[in-house]
Every structure is written in C-alpha cells, then in structure tokens.
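Letters A, B, C and D mark the chains in the order given here, with residues in each chain numbered from 1 onward.
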Amino acid sequence: MTTNIAKPKPAIPDLPVAVLLAGLSIGFFAVVALVTGETAQLSGEGIAGLLQRMVALGLVALGQTFVILVGSIDLSVAALISAVAVLASHVMQGDPAMMLPAVLLCLGFCAVVGFVNGALVAYGGINPLIVTLGTGLIIQGVLAASFGVLQGAVAREFQVIAYGSVLGVPYSLLLLATLSLAAGFVLDRTLFGARIYAVGGNPDGARLAGIRTERVILSAHMVASLFAGAAGLYLAARLQSGTPWIGRDGIYDLESIAVTVIGGTILAGGKGGVAGTLAGVLLFATLDAGFNMLGIDAFLKQVLRGAIVIAAVAVHAVRTKGHVA
Amino acid sequence: MMTVPQTSASLRRPARIAINAGLVIFIALYAAIGFLQPNYLEPGLFMNFLRRAAPLVILACGQLYVILTGGFDLSMGAVATLVVLAASILINGDPDTTWAVIGALYVMGVSIGLVNGFVVAFLKVPSIITTLGTMLLVNGLALAWSGGAARGDLPDNFRNLGRLVWRDVSVIGTLPLAAVVLAGFVALAWFGLNGTVYGKRALAVGDNPRAAELAGTPVAATRILAFVVSAVSAVTAGILLGGFSGVSVNAGEGLELQAIAACVIGGAQLLGGRGSVWSAVFGALSLFALFTLLNLLGLPQALRDSIQGVILIAAVGASMWRTRRRN
Amino acid sequence: MMAVPALSMTGISKVFPGVRALDGVDFECLSGEVHAICGENGAGKSTLMKILGGSYRPDAGTIQLAGQAVRFTHPRQAAEAGIAIIHQELSLLPHRTVAENIFMGREIARRGLLDKAGMRRKAAALLSRIGAAIDPQALVSSLSIALQQLVEIAKALLMDARILVMDEPTAALDERDSRALLGLVEGLRREGVSIIYISHRMPEVMAIADRITILKDGKKVWTRPCDAAPIDEIVRAMVGRDLKDFYPATPVSAPGEVLLAVEGGTNAGLRDLTFEVRAGEIIGVAGLEDSGKGALAQALVGDVPFTGGAVTLRGKRIALRTPRQATAAGIGYLPGDRKSEGLALRQSVRDNALLTLRSLMGLFTRPQQGALAHDVIDERLGAMDVRAADFGQEIGTLSGGNQQKAIIVRWLAQASDILVFVEPTRGIDIAAKAAIYETMRAFADSGRGIVVISSDMPELIGIADRVLVMHQGRVSGAVPRGANEEDIMHLALGLADAPRGEAGA
Amino acid sequence: MTMRTLLATTVALTFAGQALAQDFNDPAEFKKQREQLSMTPQGPEGQPWAQHLGDGMVDTAKYKKDGQVTLCFSNAGVFNPWRVVGLNNLNAEAELHKDRLQQLIVVDAEGKDDKQISDIEALVSGGKCDALIVSPNTTAALTPAVEAACAKLPVIVFDRGVNTSCPVTYIHPVGGYGFGITSGEFIASKLKKGDNVLALRIMPGVDVLETRYSAAKNIFDEAGINVVGSEFTGSDRAKTKSVVEDYINRGEKIDAVWMDAGDTATAALEAFEDAGLPYPVISGEDQQDFLRKWQSEKLTAIGPSYPTYQWRTAVIAALDVLDGKQVPGPEWVLPQPAITEDVLAKYIDERMPPLHYSLCGCQELPGYPERWGGK
C-alpha cells in the first residue's frame, strides 16, 4: 500500500497570517481607544477614519504585492505617485472638463513606466532593485526639475473621490475595497493570477510548462505601476494638488514592501496574497492611530515602528528552512 | 567524449590585469571634470575631492561586505546620523573625551551590526526588511536622543578628522586627514577580503549559501560579520561627516542607497557572489565624480538625480550584457 | 505501420562550454510506439529531450513532426505542438495546490477566468487514472517526493499529447506505483501516442519498449527493435567496454580497523540505524527513493542530524549536529545535486576546491600561504586531472566530471577520513566516471572510508565492497561484493526480511 | 477629441516650468510686507508673541467656554530644528495655563499631508477637543480638512496658511518677502554694483521659502548685484559645505552668501575657512551657532528671522478664543525682527544648543533652558 495520503491543507495559505494580523491590529486599536478614553474612535466615523488611513498605502501595496509575488520588486512607486499627483493637478488646473483626460494621461504614463520597468527586468535581465531604483530617480529628478515650483489643483469635483461618501462610507474606502477585491479576484481566479504564482514560485518550471515568464513579469510591473497611479490620483484628490515630494515623504516605496512582506508574501515570490497585504496595511494604520491616541513622541514612534516591522516579519520568517539574504 | 581543446592546467597564464569597470568610469568622469575645470587636475583639488568622497567610499566598502554575502544594509545612513548626533551629545564640547567617545561609537556600531546580522541569520528575516527596520529604529533613536535637533558641539580634535588639511606636504601639496583615514579604511577593507580567508568565505556564502554550509563554512557567522563591518564603516563615515561639516540631524540621509549604487556601478553583483573592494572604491569615486561633474555643469539639482538613475541602470545593464555575451 | 514517423530528429548537435553534448544524433518515433532511449548518465539523453521540448536550441539538425519541420524557441511552442515532457527535475510550485500545479501553464479558463472546480475535477480524474491517491486540494509541499513525481506525471498527461517523453519516470516510485505507471503507458500506446521512454531500469525497458536507441557520449550507437537487443548487448553498447575494466580492481588487502561506527542512529526519516565503515572500505547504500538513503547521507554530514544514537569516528564519539561539525570531524560530503548543494558556481575552480579548508582555518589565516597557496591547490587539482584552461576560471563553465573532481579535491585538501558520496556520477561523462571510481578506490586504499549512496545499481555493485540496502528508514540487509541486482532489489522492496505487517504502516 | 487634449497637454507640460515660475513674485504682497516690517506693533511691550501688526480684530464670543478645556494640536511634523524649538515653545506655553487647560493633545503627521488630514479628522471626530490648532504641512492639501473642522469647533492656524477664511485666525509673522527684504537689503547695502552673491536655499517649491528668494532676488537685481548661483542644499551641512567649496574651487569670487534659512550658515562659512579665504558678507538666521560665529569672527552679517515664538501665540490665541476675548484676525500678523550687530550680544546664550532659535521668546517659560536642550 502507498502510505502517503496527503492531508489537505488550506488552499489559501496566507489567510491565517492575514486573520491573525488583522485581529491583533483591531485588538490593539480597540484596547488603546478604551484605555485612553477615546471611545469616539470606535464609532462608525472613527472606524471610517481609521480605514481611510489605509487607502493610499493600501493601493500602492496591492500593486507591490503583484510584483513581489512574481519574484520582483518595485522601488519606483514613490516617485511615480508624486509624478501622477503632480500631473493630475497640473493637467486639471481645477477644470472639471479635464478630469478624464488627466486620469487617462496619468494612467497612460504609469503604464509606460511599468512597461519600462518590466521590460528592463524581464527582458534586460537587470536586477529589479536597480532598475526600479533607477527609474524612480529618473522620474523624481525630471519631476522636481520641471514641476518644482508649479501650482495646480485638481477639480473640485475630482476631490469627491477623497471626500465624498455614501451612507457614511467614504468613496475612497469603496475604491480600496473594490480594487482589493479585484486584485484578490485576479490573483485567485484568473489565468493571469495563476501565472503570477507560477512564475514567482518556480520560474524555470513555469517556463517549461510553456508560460511566457517575461510577459508575466512585465505585466505584473505594469499592474504595480497602475496601482501606484491610482494611489497618486487618490492623493491628488485628497490633497487638492500634488507636490513632487508626496511619494517620497510618504515613504510609499519601502512601506509598501514592508506591509506586503509583513502580510506573509515572501520576497522570493510565489506565496502570499492580497489578504495578508491588507492586514499589513491595517497594522500600519492602527499603529498610526493608536500612537496618536497614546500621544507617543514622533521619534519614539519611529523606533517602535522599526521594531514592529522586524518582529512582524520574524514571526513567520523564523520557521524558514535554509538561508535568506 | 569530446572536450573542447584545452591548454594544460599547469601552464598558468600571466596574472590577468583585472580592469575594474568602476575604474574606467571614474577615469572618464574625472577627465570630464578636468576638461571643464582644469584646476581639478591639480593635486590639491584632487586631494580635496578625495576628502569629500571619503565618507561615501568608506560606506561603499562596508556595504560591499554585505552585498558579497548576498544581502543589503539599508541602515548605514541612519547609523551615520546616529554617530554624528551621539558624538555631539556625548562629547559635548569637551575635547578630552573625544577618543573615549569614538570608542563608544564603535561599540554602538558593532552592536547594531550584530543585531542586523542575528536577525537575518537566525530569525531569517530578509536583510532588506531587517535593515529597513533598523534604519527606522536607529534613526528614531538618534532623533529621540537628541530631541530632533543638533545638541552639543564637536570639539576641534573631532572635527579635524574630517576637516584638517596638512599644507605644504611634498609632492602632493596638501594632504587632508580624511584622505589618510580613507586610505587606512580601504586598506583594512582590502585586508579583510584579501588578506584573510574571510573574503572567499563571503563570496561563497553569497554565491551559494547552501553549498557553503555543506562545505563547512560558518554561514551565519560570515553573514553577521559582514553586517558588523558594514556598521563599522557607517560609524567611520559618520565620524568623517561630522568632522567635515559638523552636527546635523540629516547627516547620513540617503547614503545607504548611494553606497549600494556605488558597489553596483563598480561591478559588484547584487545578491552576492561577485565583487571586490575595488568595485566599492571606484564605484563610489565614480558616483562622487558624477555628482561633482553635474555640479560643475550647473544642471538643475533635480536632474542630477535623473542622471544618476540612468547611469545606475546603464552600468548594471552593461555588465549584464557583458556576462550574457560571454556565455 | 511504416508511415511518416510522428517524430523525427535528424543530425541534432549541441555544444556546451567544454562538452559536446550531442553530435549528429538521429532519432525517430512512430505513433503508437514506445521508443526507449538508453545510455549512461551524460550520454546526452536529457539534452536531446530538452531540445525536443524547446528548452534548448540545437546548434545543428532538424526536427520534424509528422513530416513537418518545426523550430522551437520556447517550451510553449513544443507544448502547443503536442509534445509533453515529464522532467527528471521537479518543476513544481511548493506553495500551490496539486490541482494548480497540474494545470500550471494550461489552466482551464474562459475569457481569462479560471474554472477552479473544473480543474479540481479533472485533476482528480487524472490522478485516479494514474492510480495516485492524492487530494487535488493538497499543497504540494505537503507531499512526499514520490507523490510529487506522480503530480509531475499527471501534469504531463494533462495535454492530449501526441508525443510523450518520460525521463526516468519511475526513479522515485516503488514497485506498485511503477507497475501502475507501466499499465498507463500501455494504455497510451494503444491510443496512438508516441512515447519516448528513458530509464535505467532494464527490466522495465525490456517489458515495454518497441524499439531501443542507445546513446553514448553524445552519439547514437544504434537503434534496434527490442527483441533484437538482448540486455548484455545493450549494456555493452552503453558502456562501450566490459564492466570489469570499468570499475577499479578489488583491493587485495582486507578492510582494516573500524573507522566510522553508527549505533542506533535515529531521526524523523531513519530508524535505529547501525553500521560501520572500516578503513579501506567503500560502503554502498541502496534503496528506493524514500527508503531513507538520502536521509542517511544528510544525517552523516550533519545537515539533518541524528536525534538519537551514537556516532564514533576512530573510536572517539563525535557530534554531528551541523555540517560544520561533521566537516571538522573529518566527514566530507559530495552531494548529488552539485549545482545547488556542492558548488559556488560563480567562483573559481580553485576557490571551490579550497572552500572547506578556508572555512575551517582561523579567520586571520593568510589566504595565500601554506595549504592555501595557489601552487599547492593547483598541484592537487592537476593531480586529480581536473581539466580547466585556468584554475582561476569559474567552475560553472566546467563539465560535470571536472566539477565533481574539484569537489573531491576539496575534501582531499581537508584530509577527511570519511567521504559521503551521493549519486557520485550523475550527469558525468563516462571517461570522467572511471577516473572518479579510480579516485574513490585510491582514497579508500589510503586507509580511509567511503559511504556512497546511489540509485545506479551497477555502479554500487561495481564499486562498493559492501552494499547496505535500506527500506523504510532502516537497513533491511547488506550484501557483499559480487551480489546481483535482484538481491538488492529484493531487500530494497522490503520483501526479504521485513515483517509483512509493517509494509503498510 | 480626447487625443487632441492629451497632446495639447503634453506640449503644455513641456513649457510649464517657465510659464508658472512667476507665482512667487507678487509685487503687492512684496510691498505690503515691506511696510509691515517698519510698522510699530500693537500689544504688550517686550512680548512680541503677544503683539500684532495692523488693526483687524475678530469677535469670538460664540466660542466662549467655561471651566477646564482641552486643546488639540495637529502638527505637520518635527522634521527640522525650527519645528523642534517651536513645539517646545508650544508645550511650555501650555504649561503656563495649567489652571485653564485640562489637556493638550498633540498629534504628529510626520510630514505627510495624507496623515495630517486623517489626524485632523480623528481629532474632530474624537470629540475631546474644545479648540484645534493646526500647523499645516501643505497649504492647499490641508484646506478641506480644516474647513471640515471649522464646522465643528474653533480652529487656529499658524505658520503656513490654508486657502480658506474659516479659521478664527491665522497666525504668522510678516512673511517670506519680509525675510527676503531684510536680508537682501542688508547684503545690497554692503556690496558694490557688480559684486557676486551666492544664494543657498533649502529646497524648491515651498511657498514660504520661494518668496524669501524672490524678494531678495528682486533687490539684488535692482542693485545690480550678480547672483552667481542659486543652489539647493536640502538643509544638509555636508552638502552646503561641498556646494560652497565647489564654487570656490571654480574660482568664483563670492562677496556675499545669501541663505533662505540659517541652519547651515556655519557650514557655508567653514568652506571659506578651509579654503583660507576671508569671510563673505552673509545673511543667516537666528540660530545660536551662527550668532556665536558672527560674534567671535566679527562677521558682516544679518540674522533675519521667522520667529519660533509664533508657536506660543497659537496657544495664547486658542485660549483667548475660548475665553471669548477678541483676538487679532482674520490674520494675526506677528512682528518679524531681524538680529543686527547692535543687538547681537543679547541674543547669544552660551547654554543653548547650536541650532537653538534665539527668537523663541522662551527665556521666561518654564523649563528654560533644559526643555530646549540647554545646559
């Protein structure tokens, strides 16, 4: 008799990490709110405010999840966010008629950046860290050089994305939720998603199975750039006008990587998913809100955040067999 | 079995003169500087160039150790900042304490390196995440300690490390103390990789940690030591930075990425297994020459970032292309 | 029956740095034919199949499918042309489910949307067709190697392939699973599929093949119908000389004192292992894939240590908790998978040979002096006849045999007492093979010992003084020099002495 | 249609840099601030943080609240020494009002607009605050959040403004043009026509800094002084020193150094020291290290200021509003003194750290000097 009857394991392996993280985050937030007497933060409005802290980082991190799953990485998102926010406000100049052209132009620009990143990584064989660090520098430089002193503003109507709400639920949350579900759906239910896991999990195997791995990597980079574009547009709407520094000041590059990895997606690729990433983003949002309530000094906050990043990843990385670098 | 014709193994080729890609780039860039501003070719200004490039070169040497073993150290900029702030607070203007404080700074650096190394080697957190965490942590500590602004003064004997220039030195005219420190550190870094067995261990670990482990290499210790060297280089660079220009809260900002870029431009391979001290040294000098050249050209500051990005991609792309062509 | 062959490859050549892997090979396969390819490791079988599968591009030669010339630049094109390959190396996604792996690259999807339920159903059907009791929802990382191999087979069967290549499909399977697989091949043949069957197991080949093609050193020796090719003739054609000359002569002197003794060695994969290696002895270890022979090697080198029992070397108790401890105690390891476990491919030949010495010496040892000097190691490499233009060149550019010899030099330099070889000649050409056997013998003759773990039965019989056979984590028996394959197989299958009741545990 | 628009936009973008760079040169504002510099402030003598320029007052009776109150402060961040000193001022000022002030809640946005918007929303929805003080990270970005807050409680804005008149008052010193006028005119008075000045700036695109440069540039142009370069230093001492060294090495004669912020002034001076050159005429700010150097090296210098005492004013204003007192508004313009050679000595305090801003108005506050890092 064959003895090895496989025990079925859960099909979505990142779910436990996600649930655990989300639970811890919410617990932390609730306890802090109760202890500091900020019970109003537990009301609908307070929760909506908490969740709104997730939107910008969440959008970037969704895209980052795609590139990390495929075994690559994207450091250019921060510069891209700035570029999109500036472009959007500059093109619109407060004119609602320019909303659509501006959005199209921005997303088109993102697609081009994603394409260049992806092509250099997949077809050029250049290390993705270097490629995206380089393209990020290029974008940042051109942006600061030509738009450093520009003032523009998005249309009032465009700001509805960030400030409007329906039944007390901000549109921006609906946007994040919709895009998260879409991203989750793409990864879990579509051909493209399956290919991403295949290429990230075993590039040679994927190639042998007939997958055009280069195209998948390139597409993942385009997805990441488009999500960064979405974050840039959201920020433009929320901030009315973009400055060439909002991406860099928000540290969206490193933070998006951190939350993705905290959420259980492994840097080598092929394992992880949207749920974990969102839980990681939620952790960061509750830390922000919780530290505010506790009145923790800004510098100490940074120390704690650094320690939490390491600890959160160590919790599931420590079981890794073999070596990481 | 048909083997491709081979020369006899015992017949050793004359030692190849390894021409480092970074050296070529550096010479080209410095020639351009000299063309624009001929007085940069005088020994005095070259020495001054070295003095200013010293912190970056030293950081690149430390970063190289980590890169060889297959990792990254993003925390070195924060460590340099911490060093500058800690020095000003601890010394507090009293020149007698300078040397003791410098000792303490190195102890601090070594401990940060140990933390990075242990987390990567034993908790298996990828180095890019680990050092991102320590970057936040160390930066936060530095700011919390200083209250967010420079405190205390650095006495002259500390400042001299980055500032003192001996004049009327024969042949070269002037000799900055920082250039001497630079030469000393590079020599030490070279010795570490070429004068001990460590260098080859690091290369093997970066190339294939599993094979190295099975061959008996102390993989964890090799990794940890690399992070310690990196942190020590950050301390040294921090001391020079503080000496060169005094106390500030953003002394080390962004230097980690410049150091990584420098190594890569010099031909070190990310994720390990390839590179030498000369990659770091000439890569860093190239990068610094590039900055200087762009300054001299008077381009808008911002575009300098862009050009740095182009150079970075081009340098790595070119080395990829060379490797591919060879195979 | 002699219509246009389903596949015909003519004049295929391929050169890798340092090795001419294929030299003008012709090969054809009819529809409904099982055509076996036999040859020593390194004869060019896998390369030929990789060319067929679109992974490599041939330097010369043409491929025709049903008379039509084709040119593949990507495995996808080969797959679309109806060629399915069951690869020797596993190419699975450990973090994904069985169903997802089976459908990798060929997902059932409508307008880009996956039909997950459909894939599960089809995967389950496919798995039951090959008689594998695997839940399609299980994660691949939770499966044993043998079950993973079955997933690979299911993966290849997914496409209704016109040409199916099976590269050592039964290497990891036990008797029962193998038999089921052969039944499956029979069925496919009846459906008109052309099957290219690569295996070392002669009885299997004789039972199933219509024709046999022998490759040797990258060239075709002959193609004959199965009934016109008796086994001994096949072997002679493969090896090119008598096996007697091929393996080194038996030592004259009897084995000496006990060098290495394992008593009651136990861990997750090993049960109560007791054996000893004497000075001058080469001990072979045989067994099926999950018999524990791999775990034994890992335990001896400290990679997956024993959790119970005692190990003594030259009478002294030693701890083998890490590879470093094992190395320092004098046990050297030559892994079967050289690329991932043995070599730092981008480092020089010299650096690879010096790796252990450098790792065990003090950190501040001058790297160019004493045993570490270039001249000294170059001499050793030269003595081992490692062929390289320059010992400073990257070891990745060397042939498998030269790489293996360089690793042997690593342990000779370290003066290890015991060497643990796993699949010592996998992927190594025949000339280098003899040299490696010679070296192993010489090493043992110098008063030290060798443990060699191999799935290549003739190799074990030819080289080992004694063969330990493992079954389900324990030694099921030992056979002396001169035993035949059947004796070993019997023990390996647990038929000889294992109580019947335990087989199903 | 859409295609054409896109194309047109792309072309427009190419020339955008030049087209809109004029934004920070507003002659009317320039004139107004020049007048304000010489205006006599109203309010208590010797307490510039409580003084104001101009006559506008706003009535706040509707915000009157008795008993203990809670103030909330949304801070853009403490990412530079100026803000560090300021935050200490604000905390110390709050301590003075312990009897009235139950709690001061400070949240820090770490320089992120997005976070500051969320912070303000959380403070407002938290319901604990009786009045809200905002120091916006970016003018335009914070406007909607401040507007939303205004609907719920009195809001006081200081330092950078917002594009809405809804806050009770907006506290700020004279402004960027004023800073540029003071420093520019001083340098122009010390130099001859055709002399060279090097402008060192922190970074582009920040309104409060751009106006400083624009004002000074106007004055230099008028006086026929040649601006040899305008460089961004990112407030980094090493970079500042390197930039100045590069200019020196190029053989440029630099007669004066103009700075839009003084925190790297001593680094710029060191470059001259190291090159063995005499010190140039220099405009810095009110940092201790610069003032000490000025005194010890007898520099020809001026220290215009953007006083940190405005952080005190914010608390004072908030409490006045909750008391229902009239406060200067809708803009509370604070005097913006400059340190000149005659008054230099009185601003130097050897106990204080190098980057302490002398015009903190904090000498009488509780915890001085330790709270500000002094000995």
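Here is the rule we use: a contact is a pair of C-beta atoms (placed from the backbone, for glycine too) under 8 Å apart; a residue touches a chain by one contact, two chains touch by 3 or more.
This one's a predicted model, so the numbers in the text were calculated from it and none came from an experiment.
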item: Chain pair showing more contacts of the two, A-D and B-D; value: A-D
item: Chain at maximum distance from chain C, centres defined as averaged CA atoms; value: D
item: Distance from the mean Cα position of chain D to that of chain B, given in whole angstrom; value: 37
item: Cα-centroid distance, chain C relative to chain D, in whole angstrom; value: 73
item: Cα-centroid distance, chain A relative to chain B, in whole angstrom; value: 31
item: Contacts with two or more other chains, residues of chain C listed in rising order; value: none
item: Chain B, residues touching no fewer than two other chains; value: 148, 210, 213, 301-302
item: Touching two or more other chains - residues of chain A; value: 144-145, 148, 297-299, 301
item: Chains that touch, pairwise; value: A-B, A-C, A-D, B-C, B-D
item: Of all residues in chain D, those that touch chain A in their complex; value: 2, 5-6, 9-10, 13, 16-17, 20-21, 23-24, 77-78, 105-108, 110-115, 117-119, 121-122, 125-128, 138, 140-141, 143-144, 204-205, 210
item: Residue numbers on chain B that touch chain C, as the complex places them; value: 1-4, 6-7, 9-10, 12-13, 16, 194-201, 203-204, 207-208, 210-218, 269, 273-274, 327
item: Interfacial residue positions of chain C with respect to chain A in the complex; value: 53, 55, 74-76, 78-80, 85, 87, 90-98, 100, 103-107, 109, 112-114, 116, 132-135, 137-139, 142-144, 146-147, 155, 174, 176-177, 503-505
item: Residues of chain C defined as touching chain B within the complex; value: 15, 17-20, 23, 217-218, 301, 303, 323-324, 326-328, 333, 335, 340-347, 351-352, 354-356, 358-367, 372, 378, 381-382, 386-392, 399, 410, 414, 429-432
item: Residue ranges of chain A in contact with chain C within the complex; value: 1-9, 11, 13, 189-195, 197-198, 201-202, 204-212, 270-271
